[in-house]
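Heads up, the next two complexes both have chain A, just with different partners, chain B and then chain C.
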Partner chain A sequence: MFVTDIRKEFYDVVVNQRVALFVSPDIDALCACKVLQALFHCDQVQYTLVPVAGWQDLGTAFMEHKDLYINCSNVDLLETLQPEEDSVFFICDTHRPVDVVNVYNDTQIKLLIKQDDDLGVPSYDDIFRDDEEDEEEGEDSGNESDGSAEPSGKRRRYDECVCVCRREILFDYEQYEFHGTSAALVMFELAWVMSKDTKDMLWWSVIGVTDQWVHDKIPHMKYVTDIATLQRHVSRHNHRNEDEENSLSIDCMRITFEYDLRLVLYQHWSLYESICNSCYTSCSFKLWSINGQKKLQEFLADMGLPLKQVRQKFNSMDMAIKENLREVIEESANKFSMKDIRVQTFAVHFGFKNRFLASDVVHAAAALLENVEKDETPADNFIKALDCLSRSNLERLHLGIDLAKRKLKAIQQTVASCICTNLILSQGPFLYCHLLEGTPDVKLFSKPLALTLLCKYLLKAFVCSTRNKRCKILPLIMAAPLDVEKGTVIVLGIPPESETSDKKNFFGRAFEKAAESTSSRTLHDHFDTSVIELKMEDRGKFLDALITLLS
Partner chain B sequence: MDPAEVEFLAEKEMVKIIPNFSLDKIYLIGGDLGPFNPGLPVEVPVWLALNLKQRQKCRIVPPEWMDTDKLEEIREQERKLDTFTPIPSLYYMELTKLLLNHSADNIPKADEIRTLVKDIWDTRVAKLRLSADSFISQQEAHAQLDNLTLMEINTTRSFLLDSLNYMYKLRSNLQPGRSQDY
Partner chain C sequence: MSLLTLRRNFFNVHVITTTKIYRENCLRWYIGDLASYDFIPKKYRHLSATNKFTMFCEKAVELIRELHRMGDGQLPAFNEDGIRQVLEEMKALYEQNQTDVNEAKTEGKSELIPSIKFRHSCLLRNQRCIAAYLYDRLLRIRALRWEYGSVLPTTIRFHMCAEEMEWFNQYKKSLATYMRSIGGEEGLDITQDMKPPKSLYIEVRCLKDHGEFEIDDGTVILLKKNSQHFLPRWKCEQLIRQGVLEHVIS
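Presenting the complex of A and B:
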């Protein structure tokens, strides 16, 4: 059931108990976890933090306390976990649709989800009518009545009719997967309601919302609305401290609203590299082709930026160039038909040297979370990524930024090679691309977040480079090798590229159905149902099943 | 003594806070504290103030001497005189460090205060070194320095005492009848 007063029904209940915190590996969940940890530290609540990578992990890590799940449940929890009667689950999740059993369970499951998201949960009567009828006959609530009493012919038809209706309603409801309000924002609003919000928590919620935008989980309108909400909080915090004529110490954290460039990591890299490796600019210029490179040189010449300056580290560029950089770039970008080169975001500023944009931190944390370089367990990477979000761990953040740069370069090179060698094939109702094992840096793409970025980048690049109008509106499925010894690949599907898309992804259900119908050996372990693992040999029949399913 | 020990002793000093919670009087071994009422200032030891601040349960009010004008006066006086001026708090260095690290947002002009306190510290420690130097070179038997704080004494204590011991040993070895034949 939905929690209406998050403070009374959630925090006050939890504050006197020992809590287990299960957190899924994405940046929004990490930020929500940080905010909640800060609140727990203030009130000295005992908690256990458990990173879980998928449903199997969740099952094995399940312990018997009051539990709190962050960002991982749109499936019936009670069935999968079989908990005791007195465990209560608090779920803070951005995955939609929320499973109906979770919504209508009154005792054990409480959802910390904002109800003004357009949830579209079917009403209780539509789905559970069968149960009421069954209970009258003294049966357990279940999907179909087992029918010890002989139903009359009419009643049987009515039952079937209602069952079919229910299935349709459920199918419509659960068909598309999308994301709702950021979990970090929900936690920040909890802190705000209790007047315990600090700038650190505000910054973490900014990172959570920015993560949703960077990994393309929410439509642009929702991002703008969330940013507006956050901006109100930011101005409130800024006014609180600057109202005296004495200004704040330079070491205090300052968050500012910026209308900054959409160039990834440009303040920690050189401007040239950043333009080459940002999805937006690279696709607009088509930098994988020679014409594209020429256009880039024209663009730089149009702005009057000498190549030597542009290839230097950003911090070492001439002050004269840096002063009006954003306006100059925006003007030139408009001439080259890049209308949205600037985006609303936030920057944090503490000490004399440290200035970070929210998207910088998101990329750094994502790179740390999915670090494949050394032999470290996912739990270690999780803790490292969690650490880099605090202000005191700047070396880790810089390490994350370096890893992110490598990841972005790898993505750019892979996209260029895929487009130039025509690796993307149209299979009818969708586009398909398979990364071969020998591809450089292919290990990076065995992780869902990195593969998602690659997928979106690739689809955008394909849409820009192809002439076939029909292919422009197709979704993309991508397969990359996961584990060479076991012979598995990770398969991911994203919706088609469009300006006003609402980012609803139907591949979750499609993958499940295709796997069932061909009895392929798949593992639907990830919390994002559009990411699955598949055995290499079953790839062919799985794809054929998908083609028939979706056409 | 370790500087950490000196800081530990400094945390017993009282400082004013403004809590945002309410609690009855608490009876501790060192004395009674409270009662705490939201919005009303109360005096607590620094260790408690810092703990409450980290848990966002209070706002720390900077001590009266932690003000740029007063500190500038003290700094000017320190630079003029050869002896040590009396300073408002025996633990000024530790308190500045603790309060500015944990609650810089409650202290106006925190950066200037940090610089001023550092200047005062540098001047005093320089005077201390000068006087130790003249004490040794003039081979005095005893010296008296007023208005020194524990932290300043602690910086020279181990070095000064050890070097005086060594010098005594060296001097007594120079006396006739004590030379050693090898």
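Presenting the complex of A and C:
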């Protein structure tokens, strides 16, 4: 059931009880969790925070904690978890489509989702008509014990027709998977409605929205709309404090709206490295080829930036260069057909040294969350990533930034090698790429977020480099080794690359069907249905099934 | 340090003596260093009979040193052996003194008097050392009540002797009686909130699996590693001190 007044139906109910918060390993979920934690601290609501990585985790965690639940995932919970009559679930999730059982359950499940998102939930009558029909049929056949065969025959066909319709409607509804408004933004609006919002919460909701954009979950238009909403909040907060008489101390947190460059982590790295490792610039220049390198040198020469300056750490660059950097880069970028080098985003500023863009924090937190170093369990990583979002844990954030740099370099090198060795094969209805075990840094890509970034980067690079027009509109499936001992691979599918794509992904259902039809040993454990685990040996038949399914 | 000042500081006797035993004892300390050498002058060779140079009161000082080595608040095992040895030494000294006193009185040997005085001051020193040892241990045990609560962990209980346990129980009882007498009907638990608290509830993170934990309103929480909870402060303090939970300051 959708919650209309989030304050009355959710927060006022929750305030007097103990709550169990289940959070999935996703930066948006982490930010929403932080906002909610801050609200709970304010009102002294006792809670327990449990990180859950997938369905199995959710099941075990559910067994252990028996309270009111707040959750970040979206399939029919009642079926999977079988809770008691009086436990209530509040779901705040960005995955769409929303499961129909969850929507039409009045008592136990409440959805904290904005209804102005284009949800397209089929109406109740279309789907749940069967029960009534069945009952009627039972009664009628009871009465018409010796009734003629014809009327009942007709009715049977009608029922079949209804069943088929229902299945079709459901199939259409659940076929494409996409993402809705950021959970962090929903939580922030709750805080705003209660007038308990602070700059920290606003910053967290900014990070949540930026995460959706960085990991390509929402189309650009939606991102711009969300940023506009946030911009209003930012200006409201900024106007509140700054006057002529009382100006804020330098240590206070300031959030500013920026029309900043699309270069990843450029303020914490050198400009050159940032240009080489950002998806947008690297693909536009085609930096894996020698021509590309030459073009980059031309670009830098065009801007008049000496190589020595550009290779230094950004903070040590000459002030004269840094002052007009953005405008200079934009001008030159236009000449090299990079129209969107600047993007609307926010930056936070506290103390003399600390200035971070929202995307910097997203990359740092994602790198911490998926840290593959030894002795780091997923729960440890979750805690570290959660910590790095607070302002007081700057060393964690810097550590995250270093890890993110390594990750981005690894992605860049893998993409370059894949393109140069033509590892991407066209299988007909989709492109396919398989990362071999010996690839350097392949361990990094055993995690879904890192693999998603690699996938998107690779698809973009492929589209830029190939001349085959048909291949440019194909989606990409990528497989990377997950666990060498168990012999599993992680398989991920992304929709085709296009300017105005709405980022709807049909691979979730496709994977399920293919696995069923070939009885491959798969594990659909992730909350994102387009990511699955598969046994190495079943890879071949699984792919064949997919090809037949999608062509 | 010259032999003279050593004598004055150490034995607190102001008479210059030349008694054999006295000289021998000083030399024992002096020669103690030579114990590691192979060559010992003939005159003092009889001192090295047992190859171990000990002074009086050294065992007592060792007890003190042992206690001093263990940092604040830690209680080492009760050194039953050490105390016994010191008491034996005291007994030996006392008996020697007795015989000497009798001798001095009956035979009028006044040259025995300095050695009697010397042994007497050794006895007093031993007594001071043992008293300090026992008292310091009691202070540490008292601090344990404030840190761990009424039930001490078994490892610490093994380190206490029976009398110390008895003392601890008595102390618990009088503290409990006092706490009941203040703060109205229910009494006031003054061992909680040793530092003024900033908030009623605190956020804690579980560092190790602790199993189930019940809070005041009856609900049971599972403390699993790496889960975070928001719990009332007074419930968590014990567990934070034990290292099961960690206070998260954001």
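Some observations on this one:
In this text, the second predicted complex is superposed on the first by the 521 of 551 C-alpha atoms of A that agree within 3 Å, B and C clash if a C-alpha of one lies under 4 Å from a C-alpha of the other, contacts with A are read in each partner's own complex, and residues count from 1 in each chain.
The rule is simple: a residue touches a chain if its C-beta (ideal position, glycine included) is under 8 Å from a C-beta of that chain, and two chains touch if they have at least 3 such contacts.
Everything quoted here is computed from the prediction, not taken from an experiment.
When the shared chain is aligned, chain B comes close enough to touch A:252, but chain C does not.
In the superposed model, A:390 makes contact with chain C only, not with chain B. Once the two complexes are overlaid on the shared chain, A:41 sits against chain B and chain C alike.
Judged by the touch definition given at the top, the superposed model places A:382 against chain C, while chain B stays out of reach. Measured by the number of chain A residues touched, the leading partner among chain B and chain C is C.
Of the two partner chains placed by the overlay, neither chain B nor chain C lies in contact with A:337. After overlaying the two complexes on the shared chain, residue contacts for A:422 are found with neither chain B nor chain C.
After overlaying the two complexes on the shared chain, residue contacts for A:4 are found with neither chain B nor chain C.
Residue overlap on chain A between its contacts with chain B in one complex and with chain C in the other: 41, 44. Listed in rising order, the residues of chain A touching chain C in the complex are 18, 37, 40-41, 44-51, 64-65, 67, 377, 379-380, 382-383, 387, 390, 392. Interface of chain B with chain A (complex): residues 20, 55-57, 100, 104-105, 107-111. Contact residues on chain A toward chain B in their complex (touch as defined above): 41-44, 195-196, 198, 241, 244, 246-252.
If you check the complex, the residues on chain C that touch chain A are 199-201, 203, 205, 219, 221-222, 224-232, 249-250.
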